[in-house]
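Two complexes are shown next, each including subunit A; its partner changes from subunit B in the first to subunit C in the second.
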Partner chain A sequence: MPTKIEKDTLSGRDTTGHEWDGVKELNTPLPTWWVYTFYATIVFAIVYCVLYPAWPWATGHTRGLLGYTARSELTQQLAEQAKSRSVFVDRIRKASLADIRKDPELLSFAMAGGRSAFQNNCVPCHGAGGAGNIGFPNLADDDWMWGGSLDQIYKTIEHGIRNSDEASRQSMMPKFGVDGLLTGQQIGAVTDYVLSLSGKAKATPEGAAIFKDQCAACHQADGKGNQELGAPNLTDGIWLYGGSRDQIYQSIFFAHNGSMPAWTGRLDEATLKMLAIYVHSLGGGR
Partner chain B sequence: MFLRHETIEKNVILMMVLTLITVSIGGIVQIIPLFTIESTVERVDGVRPYTPLEVLGRNIYIREGCYVCHSQQIRPFKDEVERYGHYSLAAESMYDKPFQWGSKRTGPDLARVGGRYSNDWHVGHLVSPRDVVPESIMPAYPFLAQRRLQTADVAQHLKALRLGGTPYSDDMIKNAEADLLAQATPDADTDALLKRYPRAVIGKAMSQTQAITEMDALVAYLQMLGTLVRFGDLPPERLRQ
Partner chain C sequence: MDAQLETRDKATDRHDEDDAVSLKAQKAALPLYATRIKVYPRAVTGRWRTIKWTVLVLLLGLYYAVPWLRWDRGPGAPSQAILIDLDGRRGWFFDVVLWPQEVYFVTGALILAAFGLFFATSLFGRVWCGFTCPQTVWTDLFMLVERLIEGDRNERMRLDRAPMSPSKAVAKGLKHASWLVIAAVTGGAWVFYFVDAPSALVRIFNGTASYEIYFCIGLLTATTYTLAGWAREQVCTYMCPWPRFQSAMLDEQSLIVTYQKWRGEPRGKHKAGQSWEGRGDCVDCNLCVAVCPTGIDIRDGQQIECIGCSLCVDACNQTMSKVGRPAGLIRWDTLASQQAKEAGHNSGTTGMPWRPIRPRTLLYALLLAVAAIAMLVAFVLRTDTDLTVQRDRSPNYVRLSNGDIRNAYTVKILNKQQSAQQFELALDGLPAARLGFVGADGGFTVHPDTVGTFRVFVTVPADAAPSGSKPVQFSVRDGRGRVRASHEAVFVGPNR
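The block that comes next holds the complex of A and B.
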């Protein structure tokens, strides 16, 4: 391999001196801007290694002159945020739900905070506008299973429904079909009776008698329900698990007993209060 | 002269020795940090190996490639902590083999999804995502609700994980199938299960079917994600800053 560096006549550049079967390689230098950018990145890397955590060793790593860690930065940012919000958050924590509603300034802060917490935590089940879904109640109407006052809504959000939280709202509709409490024919009769409460079917005396024996204790004799027990109103034509004859039959046969998580512990007290205010405002707060 | 390009290329032994040295440097840089794992993983209370049902649920999570679109790592950034909850700790995935941190978030992070939604929601969502989240682009997994969970080899799964360093006791392996049934059967006697696996979430996601399905296992796994460490009892000062 000859190593004779020549000057290329066409480009005026030197060759590298390598030659393969008469093919020679030009030794064109890199563009100046590129070379200096490259040097700048080296300088940047050295400065970075000095200032920030960089090199691992056997028992730890270099910590850098700035003492930066992502965790301490986060702690600091959260503290700053809490401080900037504390003017309102402290007042919300101290005020009663009714008082927050009366104070326009607090109310607008609570609505904004409640809306943002609702978007993050509640929308997957209750829908973007709180319109609900099959199995997940509509929060924008005035039909409440566990009560629609501010305090009742707050308690529902705080402790949830049928979960492992000790103060969660509890009630258990029997699985009339699964557990064999009623025969299929009896469930059919009581389904018709339930439909008749909103004028959708003709009731039989048998259905009325079964309703009185089995259902009226929670749903009341007139079928208007009992919010203490989360027993829905059966007369208003609003159905959590669908209002067709089949769907109601299934609700009685299987007893859905839906549940909602407890949000205390996951969300702080002020956020829970803001959520209650927001949900209350969606349409049907009492 | 010794390290000249031409000399190295023409001397195969020298080239092999130098290649070995170069490759070793790369290997050492990757391996050395693992020697310090005892000191880099913070000890926190509450983290335990997965229950048998959760192990099988996790296997389905991996089989269906959930990690392709869902991460399981909340980074210590304000927007993530505000949305998902406390940032993830290394200790929380110390029994994850392989880990499910993921590297892409087409869907939301799942590191703390446990307890956030009801079982009914998870079942409805997995069967038909757009029924509950209209804008979702997640594929539907309705077949999970129909496929019976293969439970006969669950003890073998635990044994294999023990070989990889997860501290499953003989007791846990012996009772693997019983624990699995107890966790997925409503009103079963769960004292022994809860003693072996504290804070296991008891319950069957699909309450309307008798047989334990793959859906039950997957939801059981999802419902425990991020719930083992109680951050209320763990002040920030206790965590390395």
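The block that comes next holds the complex of A and C.
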């Protein structure tokens, strides 16, 4: 206990009343505004602890009277966002793909939504901007295996290619080499014939004959392909599995038959439509 | 002057000898923060007070009225003459519309204001502080209200000393309520520069305005009330950085409010009929101190607290005319002139004329002119159309089925005009290129005051495609074929 509080003559202030070997200390209280601010923070902390989650238990924590959780706040914000989007989403669901393209407002919403969905779902195979890769078609060029109109693109995204979806696009190229349908020499000849369609090699009569027998049913007699069957055009400069002689030889020997998942059921209808619009706009849409 | 210095030295010496101990004690007890001594400025009339009232009415009138100026810009555009639309990211100044990327015009205006301030300070001293600074103007307004409600200096001092009573509570309550109303109107007017004033006023009163609007009004109400009602001269003395470094702009040729010590001293009370021989003109009436809004005595010489408001000039002139001495004992003058007069007071010559043209003022005028010309040139050369072109980098280029090479670009055409514009896009540097674009079929039509975004495809036959990248230039032409904007870009072909 302070025993001897006395007034310091020089400063006119009280001492603390303590004395250590003749040394006394002036009593310098904290500024009033500071002390009250400090009390206010204590009051705030108590109120906060009562209202909000604050104290950890061994198995959980205090919930607080307001029932606030960061997770429920996020859920609520997401719901609000979905609600604010729903006006456009509903309009997109109801409109036809052609109508969406004609309405600048819907088009710009669909482009933004399609771009976001594309980046989340399509980029792993088709690459950013739809650039594609060996085995994964470039979506920005003007060559389409299953058709490049809005409706055709929409169907491809909706049901996919060569998967278990009932409406999936289906076709099968025979494994000419693996299954022994053609000999290696015959495959070489037909490879040269295929290359000759784009002027890259000299065709032999043998190759032409094999092509007519084995390939023309799907790829057509002139090699221009058939989008109904997903049979690629062999006369242009675009090769899904590579356009060198070795790569074409392998394609005939092994028959790649790539597949793509069906997106209906994973993505809602409006998102599928926005994706179709976006993919169509990448550069090759017809 | 020497004589005075001597007296002062003697005084200090004596003080030191006699009271050395108590002086030390005083220094030790000197607190870090000096408690404010409340200033009760007395009302005064005169030439400078009239000028100050006129400036106050003009500036406040300008501040409150400007957001209500209407300006017809046609449908779809705001009809407010001056509007800084933060949501829409546009600054509307009559027929000029500034986009966010042109914020350098605001920077330029601030630089002009700074040089203007330097220039005015080197000529007229603290004319900004004393007459036009918002702190001074609003404090003046608040003091006027205070004076109307509580009375002049002596009545206010009496009221403050008196114990609380119903009439004191009414006076104080009325004063603070009036201050708060003025403060709220000030905050409200500020908001009107950023939103459409008439509709916002309605929304503020029916409670449907945005949270941001109420917050801004609240914040500015609080600062106006605190700074003009309570803090007053402390803002100038402690808070504001400008008084601290404006002394760098002042020199002995700048006009300042000054007490003519050589004429006023030795001061003393003067009875009617007494002789003026052997004494100064200052009758020590203390009016100059009583009217000072910062509570200083101008007769102590130049002080950092003095804002150059000139009210002491009015007060002193009143007294001088009463006692029948010439006006201007406290006056606007230069330090150089005062020194000359002081020297001449003994030898009989008068002061020296003011030299407004000198290297310092010429330099500030030059800087001001350079900044103004730069701003003017930038403003005249400002275009109402702009073009940016961004090339798709994924895919870098696309090979089409016939072997052609195609690059895709996102072309943005900025139309800053208030009418829709039709543009033609041209490409230079790649003669074989064909241009095509996705989107609306109406060509490059850009709506008023918007950015039109278009995806443009540039296709080149395989044999004409560059190996690697080749610089190209996009340009937009208006309906009359004039090039309105252009942008550098590259076209990328496969490496050969």
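Everything that follows uses one rule, which is that the second predicted complex is superposed on the first by the 208 of 286 C-alpha atoms of A that agree within 3 Å, B and C clash if a C-alpha of one lies under 4 Å from a C-alpha of the other, contacts with A are read in each partner's own complex, and residues count from 1 in each chain.
The criterion applied here is as follows: a residue touches a chain if its C-beta (ideal position, glycine included) is under 8 Å from a C-beta of that chain, and two chains touch if they have at least 3 such contacts.
Computed from a predicted structure; not experimentally measured.
Participant: Should A:Ser259 be classified as contacting the first partner (subunit B), the second (subunit C), both, or neither?
Facilitator: first
Participant: Looking at the overlay, does A:Gly60 come into contact with subunit B only (first), subunit C only (second), both, or neither?
Facilitator: A:Gly60 sits against subunit B, while subunit C stays out of touch.
Participant: Between subunit B (first) and subunit C (second), which, if any, makes contact with A:Gln214: first, second, both or neither?
Facilitator: Neither: A:Gln214 stays clear of subunit B and subunit C.
Participant: Check the residue A:Asp236 against both partner chains and state whether it touches subunit B (first), subunit C (second), both, or neither.
Facilitator: The second partner, subunit C, only.
Participant: For A:Thr271, select first, second, both or neither according to whether it touches subunit B, subunit C, the two together, or no partner.
Facilitator: Neither partner.
Participant: Per the contact definition in the header, classify A:Asn120: touching subunit B only (first), subunit C only (second), both, or neither.
Facilitator: After superposing on A, A:Asn120 lies in contact with subunit B but is clear of subunit C.
Participant: Applying the document's definition of touching, compare subunit B and subunit C: which contacts more of subunit A?
Facilitator: Of subunit B and subunit C, B contacts more residues of subunit A.
Participant: Figure out whether A:Leu78 sits in contact with subunit B (first) or subunit C (second), or with both, or with neither.
Facilitator: In the superposition, A:Leu78 contacts subunit B only.
Participant: Quick check on the superposed pair: does A:Leu10 touch subunit B, subunit C, both, or neither? Answer first, second, both or neither.
Facilitator: After superposing on A, A:Leu10 lies in contact with subunit C but is clear of subunit B.
Participant: Once chain A of both complexes is superposed, is A:Gly135 in touch with subunit B (first), subunit C (second), both, or neither?
Facilitator: First partner only, subunit B.
Participant: What is the shared patch of subunit A, the residues that subunit B and subunit C both contact?
Facilitator: In the superposed arrangement, which is not itself an observed complex, subunit A uses no residue for both subunit B and subunit C.
Participant: Touching residues of subunit A toward subunit B in the complex: what are they?
Facilitator: Residues of subunit A touching subunit B: 1, 56, 58-60, 69-75, 77-78, 81, 120-121, 124-125, 133-136, 163, 178, 254, 256, 258-261, 265-266.
Participant: Could you pull out which subunit B residues touch subunit A in their complex?
Facilitator: On the subunit B side, the touching residues are 6, 32-33, 35-36, 39, 75-78, 81, 83, 85, 87, 115-121, 124-125, 131-133, 207-208, 232, 236, 239-241.
Participant: Please output the residues of subunit C touching subunit A within their complex, sorted ascending.
Facilitator: Residues in contact with subunit A: 25, 28-29, 392-396, 398-403, 406, 408, 438-440, 455, 457, 462.
Participant: Can you list the residues on subunit A that touch subunit C in the complex?
Facilitator: 10-12, 104, 107, 127-132, 138, 140-143, 233, 236-238, 281-285
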